[in-house]
Amino acid sequence: MKFAIQINEGPYQHQASDSAYFFTKAALEKGHEVFRVFFYHDGVNNASRLTTPPQDDRNIVARWAELAEQHDLDMVVCVAAAQRRGMVDEGEMQRNGKDATNIHPRFRISGLGQLVEAAIQSDRLVVFGD
Amino acid sequence: MSTLHTVNKSPFEKTSLDACLSHASAGANVLLMEDGVYAATKGTAVEQRVKQALDSVKLYVLGPDLMARGLSEDRVIDGISVVDYAGFVDLAAENDKVQAWL
Amino acid sequence: MSETIKQFLYLNRKAPYGTIYAWESLEVVLIGAAFDQDVSLAFMDDGVYQLTKGQDTTGLGMKNFSPTYAALGDYEVKKIFVEKESLDERGLTLDDLQHLVWEDEDDDWAEKDSIKLVSREEMTAIMDGADVVFSF
Amino acid sequence: MSTLHTVNKSPFEKTSLDACLSHASAGANVLLMEDGVYAATKGTAVEQRVKQALDSVKLYVLGPDLMARGLSEDRVIDGISVVDYAGFVDLAAENDKVQAWL
Amino acid sequence: MSETIKQFLYLNRKAPYGTIYAWESLEVVLIGAAFDQDVSLAFMDDGVYQLTKGQDTTGLGMKNFSPTYAALGDYEVKKIFVEKESLDERGLTLDDLQHLVWEDEDDDWAEKDSIKLVSREEMTAIMDGADVVFSF
Amino acid sequence: MKFAIQINEGPYQHQASDSAYFFTKAALEKGHEVFRVFFYHDGVNNASRLTTPPQDDRNIVARWAELAEQHDLDMVVCVAAAQRRGMVDEGEMQRNGKDATNIHPRFRISGLGQLVEAAIQSDRLVVFGD
C-alpha cells in the first residue's frame, strides 16, 4: 500500500513530527511504500540543517534524513510556507536575495501541488499536526 | 467506507475528541494518540462519554504514548485496544481513509 | 494531471487569524483546484468563523484573506458545506456568512449558491463519502 | 493584588476560558483577545457562563481582534468593554500583574 | 544578582510530551533558582500529568525529563502546589504522582514533602499572591 | 512603567508574535519602557533574517527589527530553544560546527537567565503564546 504523510508542525514544540516519523518508519518496515512526506505550515522547520538538539535527546532532522537515505524517501517542503518561515535552499536564496541557506540537503522545496499529487497518487493520506 | 479517525489532544484541554465522537459513524475506528491517550484512562470526567462511544465505534490507544505518560495498560478502559506504531499502520491500511481531528 | 478522480474533502475546524491554518488550508484548495478532483469543503466547529462577513484586519496589519472565499466559484469549487449545529452554538446564522456563489455553465451562467447548510448527521455522511480528508 | 488575566483561545476549541473564569477572584480583570474574542459575542453556547462571570469580574475584549473576525461591537455582550492595544497596555499597567491562560 | 525578592509563580497547565512547554518551562525553573526569588510551582488542569510516576519514553525516543522534578528540592524549589480538582477530573490521586521532597537544613536535613495538595479556592489565592506569573 | 515581554510562538503560524508586537508598540508610544523582549520556545523563529513573506502581508521579522531600532529594544532569543530549532548566530555557528547563520542582526542569542532577570527588573511580565 502507498502512503502519503503530511506534517503540520515544527520539530520539538509539538509531537507531530515524532509521531509521523514512527508511523513512516513502521510503514516502511512493513513493506509499504511511502510516496512522499510533505512538510507544511511550521512543519517546514523540520528541514533545517542548523539544529543542535541536546545530546541526551533525539535529533529530529537527522533522523528524518537517515530514514530518507535508507528508503529513498521523497521529503518535500512547501515553498510558500517555507518563505514565510525562513526555510531556504540555494534557489530560494537567489530568488529572494538572501545571503544564506539553512535547508538540509535531504529535503527539497517545492509547491503545494506536490501535496495534492501525493494525495491523488497514494492510497492513504495521513496527517500529523497540532 | 470505513474511516480511521485520529485524536491527538487531551479531552480536558481541547474539544477535538468530542467533535470526533459526535461525527464518527457506527463502525468507525478511533485512535487516541499523543495527548489524546488521556481520554483512554479510567476514572476521568470523560470516562462515561468514552464508554458510551464504545457502543458504536472501536477505540484504540497508542501504547508508546501511554507509557511515556506513565499510564500503565491496566489504567485503560476495558474495550479499548492498545496498539503500537505497527498497529497504527495496520489500522490506516485496513480502513479506507484516515481523518485527523487536529 | 491524473486519471484518478477522488472525492477530496477539506476539513475546516479552526478559526481564522488566531492561527494560520485556515489561510494555508485555503491555499491548498486553490492549488488543488487545478487537479480536477471532486472537491468539497466542510466548515464546522470554529471553522465556520472563517466565512463571516465584514472581516477587517486593518488593526492587525494582517492580510485579510476572506475575499478569497468568494473566488472559489471561479476555481470550480462549488460544494461548501456548513454545519448548522456549529453555527447555532456560536450564535450565528447563514446571514452572518458571506454569500458564496458559482456560475453554472450549463444553465446560462446562472449564479448558484455554493454554501449548503447541513445537519451534523449530514456532515457525518459527507465525511464518510470522502476518499481523502485534508486536515490543517 | 489585582490581576489582569488574558485568554486568547476560543471557548469552543479550548478550555482555557473556563479555567480562567473558575480561578479569577472577585474584582479581577479578564481580557479576551485573539481567538478568545469569540467568547465576548451574544447568543453563543457560552453566553450564560460569560454573563455569570460579569457578576464578579470585569471583562474586556480587544477591538482589533473583533474587527478582524467580522464581529461588530454591537455583537458584544453588554457589560464587556472594548479596548484597543493602548487600552490593553493601560490594563496591564493598572493591574499588579498579568496572567496569561495559554 | 538583585536585591528585589519577588514571588514567582510558574503556572503549569499543559501535559508533557505532546508539546514541549512542560519541559522548557522546567528549564526556566532550574535557571531561575539561581536568582534567589521566592519560587512556587502550580500544577493544575493537564499540568498535573507532568508529575505522574513511571514515565517511560523509550517508545517515543524522547528524553524522559520527569526525573528532573525530583531534583527540584536540591534547587531550593520546595513549594509545589497541585490542584485537587484537576486530579479528580483526571481520575488521579497524589499516589499517582512522584513523591517530591526537599531537605530542611534547619531541621537536621529532614526530608519534607514539596507537594501540597490544594483546592481550587486555595489555588486562586496562591495565584493572587504572586508578583510574577510565568506561563508557557 | 517597565515591561518585559515573552513570546512563545513563531511568526505567522500563531498570532502571538503579532499581538506582542502591537502591545510593545503601544506601550512604547505611551512612554513606557520595554526592558526586554524575550523569545522562547518556537518564538525563537521570529528572529530569522531569511523569511520572505508574501508582499501583500506583514513582514513580522522586519517589523520587530524596525521597532527595536527606533527604541533601542533588547530582543533576546533563548539559546537552548534556538539550538533545538536551528536559530544560529556567529558564535553558535562556530560552537556547534554549523556552516551558516540565520539570525537577524537586531536580535541576540543568550541564556534563560535573561528572561528571569527581565521578570525581576520589570514591573510587569506579559506573556504571548498559543
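Of note:
Each chain carries a letter (A, B, C, D, E and F) given by its place in the written order, and its residues are counted from 1.
The criterion applied here is as follows: a residue touches a chain if its C-beta (ideal position, glycine included) is under 8 Å from a C-beta of that chain, and two chains touch if they have at least 3 such contacts.
All values reported here derive from a predicted model rather than from experimental measurement.
Distances between chain centres, each the mean of the C-alpha atoms, put C farthest from chain E.
Homomeric contact chain A/chain F is classed as same-residue, with over half of its interface positions used by both copies. Judged by contacting C-beta pairs, the busier of the interfaces A-C and C-F is A-C.
Superposing the C-alpha atoms of chain B onto those of chain D requires a rotation of 180 degrees, given to the nearest 5. Remark: chain C and chain D have CA centroids separated by 29 Å (rounded to whole angstrom). Separating the CA-averaged centres of chain A and chain F is a span of 25 Å. Centroid to centroid, with C-alpha atoms defining each point, chain B and chain F lie 38 Å apart.
Each of the following residues of chain C touches two or more other chains: 14, 17-21, 45, 60, 62, 132-133, 135-136. Annotation for chain B: residues touching 2 or more other chains are 8, 12-13, 15, 34-35, 64, 84, 97-98, 100, 102.
The set of chain A residues that touch two or more partner chains comprises 8, 12-13, 15, 22, 41, 54, 80, 125, 127, 129. By the contact rule set out at the top, the touching chain pairs are A-B, A-C, A-E, A-F, B-C, B-D, B-E, C-D, C-F, D-E, D-F, E-F. If you check the complex, the residues on chain D that touch chain C are 8-10, 12-13, 34-35, 38, 41-45, 47, 63-65, 67-72, 84. Residue ranges on chain C touching chain B, taken from their complex, read 11, 13-14, 21, 44-45, 120, 123-125, 127-133, 135-136.
Interface residues of chain A, counted against chain F in their complex, comprise 10-13, 41-42, 45, 48-54, 61, 80, 83-88, 92, 96, 98, 100-102. Put simply, chain F touches chain C in their complex at residues 12-15, 18, 22, 54, 56-58, 63.
Those residues of chain C lying in contact with chain F across their complex are 17-20, 60-63.
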